[in-house]
């Protein structure tokens, strides 16, 4: 599905992302871990096109998408969430999802149609809201949601786009402990159907271990290891990088 | 136990409607390093920033924070800092366009003699590179400058936010050594993700989870109890002592 | 050849005027993130205060030392105005950038109207010292002295601002504040004092531009500030917001371009070329205006 | 790397939900605009005198012309709000497209001798294309840079008009409209009422278009752009295209307003190209309440009304009697409006439109035993 080849992004001399090579198989769940500042979010930005790499390529289904702007990549099936929740705060929850559905299905450039009248969009939006368990909050302004709910809404926005590859950037960050299991269920349900692939950055190790088929470890911009959870966890280099050396 | 240098009581912070801290209470002992732990996004940086008065405009702060007898909230940042609250922010924030000397000079204060000898004793590198632009320093050197800037004045308490973030392992060790020496003379409230650094420096630990204090006490005790560490920090800490993933998975479920 | 020298020097005169307005604008934006629409008002206040002083203030006059006193009075008035604006209107909205811009918009409308109410909408003849009415022959070109005066003043102001930024403590604070305001406060410095100072510097430079520009044009009118302000904005954007040196380079480029094209092309074409230059700069470097690195 | 401060302009305050809580008022509410429209339509049949508010009777040509100008600016402000309040774009050059409509109509009729039915559509199409072209360039930038570029382009318009290139614009003097070829119903003092209705029709059209577009799928995207432009891109939509559509549409609406304005005042004068006018549009929208249904319209109407009436208010006996240092500023409409605007920014950040819900909140708070629900 998704592959990166020699993906590098430098600011001046410093390589924030350093020759990263990732292959994501259809239906695979790949967890990305690494200490703060290891370049995980930058990697996501390079894959989704918010940043242009200094070197290297990103391919989706074998097609080189390195030169495409973010919105073209999204159209090809690349969806993502952000580390800091990013929803449209002054729109209602339902309008948020409808906007995403509409963006995916086309027909956003219709100045004279009444948006509220499009039943198909409305139905698809409600389905997405149902799946993340936010249906009852449809009329609330997205800006007023609690943090965990915002996270769910973000996933609903993502689902509305029916992506083939989903990038989740720390979906658990800032979510209270009691909400974590529910959110894990929602995320697990994402991969269940359609052979959707997921790339997820997450600091909750238990969540990663529970969900991921493989784990990629980043450190100083480079990929230290990318293997099954068991192998990665047993790798001494990884432990050292992730936990810091004994001092 | 002696009087704490900092008392945080029922601190709540909302930013843009997000209830990030929900009644956080803890104290910082008058000596040694107190480390603030917790998962990413749990509000450690927000706590430090609220203490030093840097909550963004769309944020609301409630509760009380006292340094000694003095109440800190609602006082402008620059007064708190002059009153002896040193702050080393996340990402170092040195002034890249200014020289090292100018970065240090900025921290000088009227009415007190800047302790250049103290700073240069800790960081001889800064003296050698004083005419160099701070933006051209390495990450580690920038971190030294950020700490040095604060040490130019006498402080009653230092707040240090993730000083080892994004640094090479060798430099992490250097930073830890420096902080260890600094903490001999002034108490430090430290936010740190690197548990090896925590183990080396911390005397007390405060663990935040879900916007509240989940655990507070002796740091070494926390670190020695694997299950406790794992349940509180979730993070890679689990593997710090017990790196078998099978165990981690079984334990989780 | 004479024409080229003359155009170069008058173009530099114009550039000097732009620089005097733009330098303060640029510093204010760089430090406080405020796009100050009321900056033209400081210029108007400086011009009218000089004009008033030349006629009414004891010791001031239209010539010689009296004129210097009048200009000093005008500059003082502009500075005072700028400081008051910062303290009374801008400071209470600290870090609420869009409201600050809106307030300066309101102030620019109200302030110009107030000048108009007090001294009438029409241009008034401005007292010009004898020397500024004459010309100096430079390499065969007859250059008006008013323009030379502007150039000299701008060079002095540039040197003074740079020296201030480089060598004084507050200059250091301003340079640091342009980079990261919050970190300056975290070092125990009241950055708002620097705001006031920057407004004062900007107000003084703009008021000087008002006084000397009026000498150059020979008249003073309430709208003068507004039309200069737009070109000053363009200079600030091209030069990079927060960069005084950038403003100086950009002012020279804009002044010369405008003067030469207006002379060799149709009148007014030069102004349009300047806007085209702005468009090109912004299109080549869309983030160009955020490049606030090189301040001094 | 130096820290780069974001040049983004923060989005203006979001729409204030204007639902009044309360019984009878809320049932009547949907029909209120219709009622106001009916009153506005039949207003010229009234011979009512409102001393102090208008100089002549309601149906006197002077009053009708003032009202017509107010209505045009109500429409203009509503169109500008499509950019500022609903999409979050801070354009400082909107007066340019208005001026394009005014001068376009005037030049095509007076200089080229075209009939109105050809000149008006041409001017509107021309203004729209101009907005499209300038938008295509300016929207490559964001935030403050965008504001500056639009301001600079508007300045080009002002220069072109003032320098009188090709003798088309009449320079400083302006260009009186040659009325000889106009339909008889639009010429002469006696027919001011028709111009009034024309202005009313313009306002209704703009309001309809803006509301319809805001409620359309495109409007949803524009609202999304106001909140988070980057997110729109990640959803698979090109922010640039949508902003350009909104910019062009608003430009076209402004040009149409220019056509109507040109007919009402019988010509064009260079002050409509001034940056002052473009700033006043911002003032109108902020005074009224950006992003709200009726705020910008009210703001535009009120602003223009005050702008005209304050002159005569200033020369009235009561103000004349004041000492000069008070009476002179008070007779300058822009001084009063600028001051009111500054006060509004401090004390009524949501504009006029936020007053109704605020009053409702106050009423609820005062009524015992009722709590406001968030």
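Each chain gets a letter, A, B, C and D, in the order it is written, and its residues are counted from 1.
One rule holds for everything that comes next: contacts are C-beta pairs under 8 Å (C-beta built on N, C-alpha and C of every residue); 3 or more make two chains touch, one makes a residue touch a chain.
For reference, the UniProt names are A, B = ABC transporter ATP-binding protein; C, D = Branched-chain amino acid ABC transporter permease.
Since the structure is predicted, the reported quantities are computational estimates derived from the model, not experimental observations.
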{"item": "Maximum centroid distance from chain B, chain identifier (CA atoms)", "value": "D"}
{"item": "Inter-chain pair with the most contacting C-beta pairs", "value": "C-D"}
{"item": "Distance from the mean Cα position of chain D to that of chain B, given in whole angstrom", "value": "52"}
{"item": "Whole-Å gap between the CA centroids of chain C and chain D", "value": "31"}
{"item": "Intercentroid distance (Cα basis), chain B paired with chain A, Å", "value": "30"}
{"item": "Computed distance of Cα centres, chain C from chain A, in Å", "value": "49"}
{"item": "Multi-chain contact residues (two or more partners), chain A", "value": "89, 143-144"}
{"item": "Touching two or more other chains - residues of chain C", "value": "179-180, 293"}
{"item": "Touching two or more other chains - residue numbers and ranges from chain D", "value": "1-3"}
{"item": "Chain D-facing residues of chain A, complex", "value": "11-12, 48, 50, 69-72, 74-75, 79-80, 82, 86-91, 95, 98-100, 102-104, 107-116, 118, 121, 143-144, 157, 161"}
{"item": "Of chain A, residues touching chain B in the complex", "value": "14, 33, 35-38, 89, 143-144, 146-147, 170, 172-174, 176-178, 203-206, 209-210, 220, 229-230, 232-234, 239-247"}
{"item": "Touching residues on chain C, where the partner in the complex is chain D", "value": "33, 35, 37, 89, 92-93, 97-99, 102-103, 105-114, 116-118, 179-180, 226, 230, 233-234, 237, 241, 266-268, 271-272, 275, 278-279, 282-283, 286-293"}
{"item": "Interfacial residue positions of chain B with respect to chain C in the complex", "value": "52, 54, 57, 76-78, 81-82, 87, 89, 93, 95-98, 102-103, 105-107, 109, 149-150, 153"}
{"item": "Interfacial residue positions of chain D with respect to chain A in the complex", "value": "1, 11, 14-15, 212-213, 215-221, 223-224, 226-228, 230-239, 241-242, 245, 249, 374"}
